[in-house]
Amino acid sequence: MKKTKINVGMVGLGRIGKMHVRNICQTLPLFNLKTIADPAPDIGFTQNLEDVAISDNINSVLSDNKIEAVVVCSPTPTHYDIIKKCIARKKHVFCEKPVSFLEDEIKELITIKDRENMFIQVGLNRRFDQDFLMAKKKMDSGALGDIHAIHITNHDASIPPFKFLKSSGGMLFDLCIHDFDMLSFLTGQKVKEIYVNGGVFIDKRLQDIGDVDNAIITLELENGILCSIDSSRQTHYGYDQRIELFGSKGMVLVENKKDNLYSLSDSNQTQASKINHSFVERYRDSYLNQLEHFYSSIISNTSPSVGLENILSAIQVAEAGRQSMLTKRPQGVKYE
Amino acid sequence: MKKTKINVGMVGLGRIGKMHVRNICQTLPLFNLKTIADPAPDIGFTQNLEDVAISDNINSVLSDNKIEAVVVCSPTPTHYDIIKKCIARKKHVFCEKPVSFLEDEIKELITIKDRENMFIQVGLNRRFDQDFLMAKKKMDSGALGDIHAIHITNHDASIPPFKFLKSSGGMLFDLCIHDFDMLSFLTGQKVKEIYVNGGVFIDKRLQDIGDVDNAIITLELENGILCSIDSSRQTHYGYDQRIELFGSKGMVLVENKKDNLYSLSDSNQTQASKINHSFVERYRDSYLNQLEHFYSSIISNTSPSVGLENILSAIQVAEAGRQSMLTKRPQGVKYE
Amino acid sequence: MKKTKINVGMVGLGRIGKMHVRNICQTLPLFNLKTIADPAPDIGFTQNLEDVAISDNINSVLSDNKIEAVVVCSPTPTHYDIIKKCIARKKHVFCEKPVSFLEDEIKELITIKDRENMFIQVGLNRRFDQDFLMAKKKMDSGALGDIHAIHITNHDASIPPFKFLKSSGGMLFDLCIHDFDMLSFLTGQKVKEIYVNGGVFIDKRLQDIGDVDNAIITLELENGILCSIDSSRQTHYGYDQRIELFGSKGMVLVENKKDNLYSLSDSNQTQASKINHSFVERYRDSYLNQLEHFYSSIISNTSPSVGLENILSAIQVAEAGRQSMLTKRPQGVKYE
Amino acid sequence: MKKTKINVGMVGLGRIGKMHVRNICQTLPLFNLKTIADPAPDIGFTQNLEDVAISDNINSVLSDNKIEAVVVCSPTPTHYDIIKKCIARKKHVFCEKPVSFLEDEIKELITIKDRENMFIQVGLNRRFDQDFLMAKKKMDSGALGDIHAIHITNHDASIPPFKFLKSSGGMLFDLCIHDFDMLSFLTGQKVKEIYVNGGVFIDKRLQDIGDVDNAIITLELENGILCSIDSSRQTHYGYDQRIELFGSKGMVLVENKKDNLYSLSDSNQTQASKINHSFVERYRDSYLNQLEHFYSSIISNTSPSVGLENILSAIQVAEAGRQSMLTKRPQGVKYE
């Protein structure tokens, strides 16, 4: 337990930012959170923090030489600029997905971090989920034989506010980006082709901005594996996060996590617990695991296992998906 | 239990035909099986039947005026001709799906049976499965709100012999035809558009005949509901038959049926029963229910709830799916 | 399927009797049901039977030389006399449990049937349940190591009418008798000691006749295995029939059978199907299997695998259990 | 998050002690762990602790006026003396169960803590498990009607070393004590009578010290509710912790927690994750919750919800259970 602490700064104190703060302060003594920068920090939240400086200016973080690493949770459009500044100040970065909606920005950041020899870990939290890792382990063991098909269910319980949706980059870039990455993570393959059939069922305003709230996505990987993704912004019954892997010898299935182990049976039915409501509960351990990985990477001076290259590929799939919705036909993914 | 018996004839004594014979002789005393016609009847099977005439000539069935109804289980290409002859002899017909691969043949049969005022029930057995019926009932009750998306898993445990596959009409016409019908059955909607991404993973010879053994299918219904089908000819772990209905208020999920209720836990794992291996076990009751429905329809002189019109629609979806595989893009379904 | 039919008579047409009649007429063409004898047969039921003679006098069954076997479903107190008469007429007997509440009667019947070389199978239906058989098979395979403990849950959904309860012999003789037999069936061991703690929670009139409607029963087998039974006459949520086997290497658990495979998840909960409501659904196949076994035993002239010796042991355990309730302490079981 | 920290000392650094240390240092910043006293502290463990004094003398804890509260995890026979000293120094105590095997010692401690106005919370961790709390909530809501029966399964995965078993007070005092308390916690009722049938299946040396490693326990509560406990020191397949509550309207069942959400189906079986292996995983949150409750009780100066009175009752049940094993009959529990 006695380990070198790493001083970190936090940029952005929204929903995800607060979760990371709670995790760091309560459960990750590996990090010492020195400063939080947010243009309008939630005082009700920050007043309970001990020994953490609160600032409305990102420079408080950037100019502090004792801060070795920065956790970036501000809105996506700000990431590119913030990361560049952090790297320039020789601070490692943990940045929430999808980093940027523009491939060129990500490519430039890759060049910079390689040149400066700095680490940029991206918050693709599902790669750190023990259940998906077990699925991958079983698959890698050969127990499924050759993989033929993969099915992912990715449903949010509650649609975010329209204000957020407008700047989210759209459902493919914001929500399904996890699934695009997961397919590559599980199989080690890139996506060759994508077809998206989306619809607006929940918030009609999405039609005006060319976005959808439900999508059925078909993908083909480079080695021919067939994939499908069922995705929705809102299904009320909880945060539906399932994976099915079908191979020549068998199937692996990852179920949802329930809030509670009870069931109640009466003369009408059997009633059981809801599944976890949101990423906060479902990926609680994954969020901790990925920050621990960030810590270990810095301490051992080895590249994090998930970075800009991964999010770049996922963004390229999302972009092809966006084209597919416009052209209403399958699109090859361009990696260049 | 004391009910008017209906004399039936059986045409075709393959795998499905034998199952129907067993069902009729052992569990459906409503029918009196008089004659079985098959070009090369399996004597090992027929010698155990009591009071059933066995013939290698279909005329033994057609010319018997006491036979009121015929169960047709011969290969699909023979159905059109056999049904016409049955109707001409004023015999009601229960015919296995998909009746024909040609829309025109089905349309002609519709005209004939309407003109002759006869019944033709089609073996879309899943419509009689109590679990799918319960899913439909819950959906129809409004408990799910508006339906946004439907996901169907339809995997066979073992790929049929190549000889059968060649004459099966292909995976879409033979296997997925059930799913196309199920979507309409559940929602009361027609399929507007279909996109099929298929692959050959199991029997490479399928490539030579333009067929596939795995397919991810995206469909859009006329009212906009998004659907996906995961289908495979062989996944070894059993006959995977699941349905997921997603609505604005919640979800209904139909799980697989297991062979056995036991589980065994030891220091390594928890082991449980396989799911049902084939349609024989999974749809055991559905097969009985549909023949009972056929009986009731004849006795009460009311049209069966599922007939040529339903299989026609499903065939039209399959045909658009076939086009989609050729053009590698989504295809609208043509109903005319 | 072509097999020698055995002519049977039925004595007693109550709830169980009707179920056997339905099974024989609809699903067991091995038997030809010739005659039903009941002092007041339910005409609404019998009028639908074809080719079955209905009589209010058991002699119609006994005097019919074509009847080779008799299924006895009359009230327990009549069994002893009826069985003796059947054996005297050289008719094999299938008799519902518990045959008699008096050990001496059962012993006398054993002597008679051995002398006359006739078969008497007893309706301990759970021995023919595929799920319990699988549990036994796993246990016998050594997968659990040495067995330490067994737990049985045996709950009825709805308490029978008080009139029936009064003549049922009490909860131990009527309901738990199945569990006493199951313990011996599974392990091949006799019960050495029993302690019953019972209570009246549902029908207070049971107190007046010294019976209970709930019981927690502790048993020790001759080889030291520890057993517990949770039993209730009424728990509303269904027919709770579970078994747990604990060994030095692991555990086998047999779950309940659900009516339906669906689940419905909404913002409040996940709702699933009830478990089977009664023995009719839960042991549907077991009831058929045991009559098929009766048929095979007669045809092959081999003793049925379950008979008077088994019910005698179970009755002796029940009798010790009755003593235990009176003395409020554990009682050794007397086998003599 | 900014809250007054409470300085605590820890006495005893065995398996449970280390778990509490990890919890406090990693996840419970409410407490500041100042000093650990253990006669032979594990240096491999303690060297990783930051800012924690390690001592082989309990006086380091007792004499430190800044330490407000003490967590006692030393062997049970030392608890009585340590608690008295802590109270004398005006330190609140959190003590692991069962505090003492002697009722008189516990009674004396009750007198002392009441006189000194200090808090003594007892580590009955299951009262803080969210799943059991949900079961209680459902029961208290009336959804089950009147409770008739309760069944508890309490199996350890691996039997502790014989050295520990010898000083553990025996299976009833060490393991089943949790269940005795749980029955009272759930129902608000005291146990009226207990019957224990135990056996030695795993470690034969237990016979020499009058202990058992498997037990089937029947209990009757004061209001007549019937209870059974299946308990084992070792069943290899995991830490089996289930509760079933049966009432006049329905049942609540609490299942085990699995390590992982995956399942793997192949042509032989469906394989799923093991259940949690030990209390460390199964009651991870409960251990945190109970220490948070201890913190809140001290801060708000209100008695903890679980204390010596509760463990006293449980000890009295265990003592009657011990008598029952000796006399081989049910024993009334003496509360005086």
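As written, the chains take the letters A, B, C and D, and residue 1 is the first residue of each chain.
What we mean here is this: a residue touches a chain if its C-beta (ideal position, glycine included) is under 8 Å from a C-beta of that chain, and two chains touch if they have at least 3 such contacts.
A quick note: this is a predicted structure, and the numbers were derived from the prediction, not measured.
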Chain D and chain B - chains in contact with each: A, C
Far-end chain from chain D, centres as C-alpha averages: B
Inter-centroid spacing, chain D versus chain A (mean Cα positions, whole Å): 39
Computed distance of Cα centres, chain B from chain A, in Å: 42
Where chain C touches two or more other chains, by residue: 236-237, 249-251, 265-267, 273
Residues of chain B that touch chain D when the two form their complex: 236-238, 258, 265-275
Touch list for chain B against partner chain A, complex: 146, 148-149, 151, 153, 155, 193, 195, 197-199, 201-202, 214-216, 218, 220, 224, 226-228, 230, 232, 234-237, 240, 244, 246-251, 328-330
In the complex, chain C residues that touch chain B: 1-3, 22, 25-27, 29, 47-50, 130-131, 134-135, 138, 143-144, 249-257, 260-267, 273
